[in-house]
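The letters A, B, C, D, E and F name the chains in turn, as written, and every chain counts its residues from 1.
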Amino acid sequence: MTAIKVFGQQELPNLPWEDRPAGANGPLWRYSGNPVIPRDQISTSNSIFNSAVVPFDGGFAGVFRCDDWTRRMQLHAGFSDDGFNWQIDPQRIEFICEDPEIGDFVYGYDPRVSSIDDRYFVTWCNWYHGPTIGVAWTDDFRQFHQSENAYLPFNRNGVLFPRKINGRFAMLSRPSDNGHTPFGDIFYSESPDLCFWGRHRHVMSPVTNSWQSTKVGGGPVPIETSEGWLLVYHGVLTSCNGFVYSAGVALLDLDQPWKVVARSAPYILAPQTTYECVGDVPNVVFPCAMLCDEATGRLAIYYGAADTVTALAFGYVADLVDFARDRSL
Amino acid sequence: MTAIKVFGQQELPNLPWEDRPAGANGPLWRYSGNPVIPRDQISTSNSIFNSAVVPFDGGFAGVFRCDDWTRRMQLHAGFSDDGFNWQIDPQRIEFICEDPEIGDFVYGYDPRVSSIDDRYFVTWCNWYHGPTIGVAWTDDFRQFHQSENAYLPFNRNGVLFPRKINGRFAMLSRPSDNGHTPFGDIFYSESPDLCFWGRHRHVMSPVTNSWQSTKVGGGPVPIETSEGWLLVYHGVLTSCNGFVYSAGVALLDLDQPWKVVARSAPYILAPQTTYECVGDVPNVVFPCAMLCDEATGRLAIYYGAADTVTALAFGYVADLVDFARDRSL
Amino acid sequence: MTAIKVFGQQELPNLPWEDRPAGANGPLWRYSGNPVIPRDQISTSNSIFNSAVVPFDGGFAGVFRCDDWTRRMQLHAGFSDDGFNWQIDPQRIEFICEDPEIGDFVYGYDPRVSSIDDRYFVTWCNWYHGPTIGVAWTDDFRQFHQSENAYLPFNRNGVLFPRKINGRFAMLSRPSDNGHTPFGDIFYSESPDLCFWGRHRHVMSPVTNSWQSTKVGGGPVPIETSEGWLLVYHGVLTSCNGFVYSAGVALLDLDQPWKVVARSAPYILAPQTTYECVGDVPNVVFPCAMLCDEATGRLAIYYGAADTVTALAFGYVADLVDFARDRSL
Amino acid sequence: MTAIKVFGQQELPNLPWEDRPAGANGPLWRYSGNPVIPRDQISTSNSIFNSAVVPFDGGFAGVFRCDDWTRRMQLHAGFSDDGFNWQIDPQRIEFICEDPEIGDFVYGYDPRVSSIDDRYFVTWCNWYHGPTIGVAWTDDFRQFHQSENAYLPFNRNGVLFPRKINGRFAMLSRPSDNGHTPFGDIFYSESPDLCFWGRHRHVMSPVTNSWQSTKVGGGPVPIETSEGWLLVYHGVLTSCNGFVYSAGVALLDLDQPWKVVARSAPYILAPQTTYECVGDVPNVVFPCAMLCDEATGRLAIYYGAADTVTALAFGYVADLVDFARDRSL
Amino acid sequence: MTAIKVFGQQELPNLPWEDRPAGANGPLWRYSGNPVIPRDQISTSNSIFNSAVVPFDGGFAGVFRCDDWTRRMQLHAGFSDDGFNWQIDPQRIEFICEDPEIGDFVYGYDPRVSSIDDRYFVTWCNWYHGPTIGVAWTDDFRQFHQSENAYLPFNRNGVLFPRKINGRFAMLSRPSDNGHTPFGDIFYSESPDLCFWGRHRHVMSPVTNSWQSTKVGGGPVPIETSEGWLLVYHGVLTSCNGFVYSAGVALLDLDQPWKVVARSAPYILAPQTTYECVGDVPNVVFPCAMLCDEATGRLAIYYGAADTVTALAFGYVADLVDFARDRSL
Amino acid sequence: MTAIKVFGQQELPNLPWEDRPAGANGPLWRYSGNPVIPRDQISTSNSIFNSAVVPFDGGFAGVFRCDDWTRRMQLHAGFSDDGFNWQIDPQRIEFICEDPEIGDFVYGYDPRVSSIDDRYFVTWCNWYHGPTIGVAWTDDFRQFHQSENAYLPFNRNGVLFPRKINGRFAMLSRPSDNGHTPFGDIFYSESPDLCFWGRHRHVMSPVTNSWQSTKVGGGPVPIETSEGWLLVYHGVLTSCNGFVYSAGVALLDLDQPWKVVARSAPYILAPQTTYECVGDVPNVVFPCAMLCDEATGRLAIYYGAADTVTALAFGYVADLVDFARDRSL
């Protein structure tokens, strides 16, 4: 194990955690109580998945994708003391927004939450004449203030870095089209003010003949380490019966995060359990959040399973860094 | 609960039934013994699903879609005393038809049975140079007399109302194309004689960003109530991994059934159990028949699950009427 | 040339006509002044094509597809003394219809006009929640009375026979889908009253490896002859650069018109001139009307060219009958 | 004709011009010498089309799309005294760019040139891991300085307004996908510095059942008038044999240009001549530049024809404004 | 049961075997311990399926498709004493090949092993600028010598007969395209030397309205019987949610194996268990190998399940021969 | 111009020829009398194109693709004294073949003729359960003897080298699929006997962002030169309105012809004249034969235009060799 330093994280003694079980041979292992959040955790939900959590106020808070019985995609706030048991608000988030052109909510999904300078920023796939990246901030996970959308449609998987880079806010995203996009690269953009975005750079493409041959998109907010930004991301393979979503790991340059330092050829997690293989969309592992205990380097990764439930996997920062480097493309 | 009157139904003390279990929070709940008819109920069947049953002779009779080991789609008759245990004829129905141009059976599927004036009418998806709506009648579920097909191809999900409307037979159907049609609205047609059809009217379309965004089609024979025709129907959403079939509820105007009085935005049943999510076609809930006890308003809904088995759900007429109105689009 | 009798036609001394030119070696030859109707014959038209004409009041009248500058498809009436020079009403036909559900005009195209018992019936592709067959009648080509649509969507190329068959009205049509349909057979239907339709029969399918391999659809109103109904129809081949529409000829049984007596393997007209190959849709020959002089058996066939202009071709009934039989599939 | 004021244009006594010919009945008429620039104007070009010109130094200058014999899309500069006769540089533009990540030219097409405060800005479809909007400036049409790309891929038809709006640069664009995109709306974005872009607003969508039913995209740089921004744009209809590109006209609000004041239902120019219907892509009219003589309101519109040659059409500002308003959707 | 002779097989007292369980009503029955090889039998495998085994050295040996965590498709050798418990080499086979143009391994999958004259020949789907049929031989399952690819791309499912026919090597294959091919027939080819192939003959096509309506491909190496070559093969049906792979049986003429003597209309095995319905590709049964005990006619068929694990089914040669003949198309 | 030697050609004083006209600036120029063979050269043909000619008996002979009025693709023989004026047999070639399995003619198109050791070999796209490469020989262009098909379907554009290479017959071909294939590389294969083929090698792929970005296929029989085999081939670009076929040039290694020595980035001929842009398939230039006068190095290239007529272009061997090398990719 490398002597790797982690920056910008807190000590999280209450990090949800289980030790590696015997026989597990990948860099991550699953929570034995998965799914950690069932599809009907709130009485009106069809499914709860692809959701983002952060340390908050001694415990944890998060923004959750809760599709309702209409299959409309909504965002809900939630809280937890231990990261296992969650109280999710049965009412969806009503974003506060001055301009109704922007704030008129049609649907939102696949949120990420990034903590920057004591404020929490939510990015999500927001419909504005097509899917694009919505942006909002909150201090308390009760009131959410919506800003301008970051980009033109069509875009998904907007992931805000946890600090400014080169003096500017920085975001990963995956430009797409208006359907079940069969292509997708990760790009990087900068903004002086979270309103205007530019200096777009290409980060990574799919890889032929692999689990990530169709498209790739950012996952949890990257973690700063001495070896680079630790990025967990999803990749998609197209089988004759549809998309298969798995998770991989990469290291991005600290100052020029569009430069890939290392990127594992193998996946770190792929749909193999029943709750990952069976559900509204079979065969999906989709990580959206990653808690890190700075003291131990322990990671708790929340991921959507089968577009139906939320699951949890555990690992160590150092193991993922090593995996990205030792098994790099 | 509204004071709702039901017309044209019988008292069915032997209606298959289970009381609502604790924790069920939708308008319907599933039979604890599902699937009520397994895929191999007859020794030559690959699957038995999307089938129609009616009260008959103190018990129940029905027409069943039984795909054989060739995966050829066939219709079989069956009988039951209690609605749970079914004796299905291992031989397919041989329709009696004078004109071989019409009676030459290629395949038939997704039957509905409507009882009109002491005679039972079967409608189904019948191949005649493409899928269209086959029509036949029987008095005893042993001899079936086939009439002219109702429409030109391409059509599916023909559902005959249980009485004449405005002096004419009335049918719902879903015009389609020659494949796995990615669109579909429900239409209404009238006939003076069950031979010639016309006065076609549009009833309902899919709904964007919902469980019914791709296509909708009629389900069981509608039940006449004081609030309108109670229609349970299926809707389809297209995920990146294929179609998802769920069930919804609507009320249609009694005299002008192409006018929708109420239509629930949420689904009333969606594929969530293993037998609905895993099978020849994953993620399918497809209701085709609805028994109603006039005395209590109890409903037993038979639906195909995963295009593989037949399942049963229970509910009350009044609950569905309320759901359609209270949660209407 | 066979001794063929023609029924139900008039003597038309003013039939538009040119004798066969030297070197023409198919059963038809083109008018030297083609296109007989240019795209801008009326000042607001983008194109005038796929239109139907009949003898009327000593001259000729017709219903014309005139797409306007919005590319909206409209129907206009028109008159001519000689069949060459046409006065087309610059205002579109406003159909008189009691029921706004039916009469609310969205678009209409590809009309045919059939004269039955001293009344003129117009059938066309009429939008009612999808393309279907609109039906109207007129006595004077000034007032048009719209009836119920004949079928459910999706349908095109409705062609009414010029007399009742077996005591009922009879129509050919081509069931389709909601786009640029890549399949299509001709079917036959009957109606006691032009309101309700049934007794649907399959007439003919596309032919592999030929000019009619993708779809076929009826063309002009069939002409009754001693040898059967003379049907000119269109067929479509799909090249790597799109559809190619050509015209063929068939004979249908007089009493059971769904039975094909003869059908030519070769086309009788295919897009080869500039006005057929270049225009809004390249490579289209689409016949919609056929005038016949009973005295001589001369035919004047009006066809749309490149979906842009109207062209004219000439021939003899007997030649087409022979061609259908001698070169039959 | 309305009393319309035009802002921000020059007097152009040498504007290329022909008076309206007899018989022309649309708002524009074509140059009798079309194509004004043939496909082989330079010896190495396969085609020259979709190009942008502006008044420059007493004459005219422009940026031209010149596809070479490899069919690689390139941009070339050119000059003309009279707008009819052009000297196009046989060498492609070599953009000056500090950052090779941006300046490494793969292909560029469909340029527009906007004059803002005595400097000329070129926007074009620039490949950077997909098509996006490239931006450069020049003072002399000899040296071109490339800036950051405006947006993430996939985008096309970036059109810069000729002055700042609300204190910011303003651009129209058409988000797309990575192929022959079958959808497309016009959006509006703002930038404080031509580097970072945001405040994205939706401007207009395609119109069902019309010449612009598939996609729409901005054309020439809009002209400021007292009635709003005069926007000429292209729209696409999908026939069974492919896309048809035509031109339309709209008025946008002066201060909130994402608000459409008027928009003509009919096209103002559609492919009808041989040079518009026959070529590398049949049936294309694609306007990219519009010269305006402030003194007379005369317009000379340059448009690509059949993706092969450059053509010229003439008209008056007032006529287009009237057409947009009188024939508005 | 017919008195059927089997040729070219050995006595296999250690054939993996279970007797037919009560209630099984098809010609085959599944191993109660399925999957016989789990997806992670070797620590680096994502899945092990579609693999081929033969009697070897008193026990069994085989070539296994082991997709790794990169989802790269690899071939591994393995050994077993009893056919149930397998030792699979964790290192992929490194083929020995003189010509790097051929031997440069990109990916390989779906192997078959045929024993001809005391040498073992492996055929598999081998990437050479597209999928084609790779050929290699081994004497010991430790060293594999790769020859020229048999055909041009695109081809799959190459199955070598276990002896020369008409003095030449003989192979079945399924020409395909470069994706998830939606068509496919079985062809037969001959070779004097395993290098040059020709005398291609068509064997069988898909069957409309059946489990094998999309494509068919050879399965295990055919077994010679007195009634013809016993061929187990796979067929594919396209549901609205993707491909369903099942297995069928046919008899081919001994001397002219492209002539089908009998072919069962029903499948002999279809995906119905969880391990066949849930996995990387839901709903797949894909047989690749068939062990036969000459003494008893017992068969052990190895098949891939859900493209994830290897499963085992049992039966008798005579039952399959009867099934092919009694239930023949 | 390089001092290039040509091998294996004859002196052809009667080679059809025109000198380069003023203003022509590519390596080839068109015959002023094009199309040299009109679509109706024989009275029953819809079109004559993609045809192959060789020197024969002091003049020229050839095999012609003549689609008839059924649009069935047929091969006809023809003769000419001067290469301009052709007598084409109005009857299609009836191949002599012992095995009806092979000789049963369905359709044939796009022939090439190669002269090897005083015998003429015809290769063409021949239907045998899909398109593949048919092979036949003739000594007199009157009797044609058909051999086994060279490959399994699906294949097109089989081009036989004019002498054995490495002691074996050698052929280029383009593996494809069963439709209007949107991909395609050129491969090379060898045969000891024209019956069995193997030793397949990849030759060349399409080139991104160019006239040959979709697929490439061999054209005329290659000409042996001191610099390598001179190969003229076709390449396809996919515009939004379909395929565009152009011609390019390459040099292949003399002994290992799968190795490309040079390959021009630009095309040498692209569809730009009316007869190339307008016809049954717009925008097609498809070379199939190349006559060479050994004395002067003059070339006469026959190519299909718009899949409708046959056209002729002229040039010099040395110019093509130089173009391939000087403008090489």
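The definition used in the following text is that a residue touches a chain if its C-beta (ideal position, glycine included) is under 8 Å from a C-beta of that chain, and two chains touch if they have at least 3 such contacts.
For clarity, every value in this text was computed on a predicted model and none was experimentally measured.
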Greatest separation from chain E - chain, by CA centre: D
Turning angle required so that chain A lies on chain F, C-alpha fit (0 to 180°, nearest 5): 180
More contacts between chains, B-C or A-E: B-C
Euclidean distance of C-alpha centroids - chain C vs chain E, Å: 55
Whole-Å gap between the CA centroids of chain A and chain D: 40
Chain centre separation (chain A, chain C; CA means) in Å: 59
Interface hub residues of chain E, defined as touching at least two other chains: 241-242, 278, 282-283
Arrangement of touching chains [line / ring / star / complete / other]: other
Each pair of chains that touches, named by its two labels: A-B, A-D, A-E, B-C, B-E, C-D, C-F, D-F, E-F
Chain C residues touching chain B - in the complex, by the definition given at the top: 101, 128-130, 132, 148-155, 173, 175, 177-178, 181, 183, 185, 187, 189-192, 195-202, 205
In the complex, chain F residues that touch chain D: 25-26, 209-211, 213, 237-242, 244, 246, 265-267, 270-272, 274, 277-278, 282-283
For the chain B and chain E complex, residues of the former touching the latter: 39-40, 43, 46, 68-73, 106-107, 180, 241-243, 278-283, 307
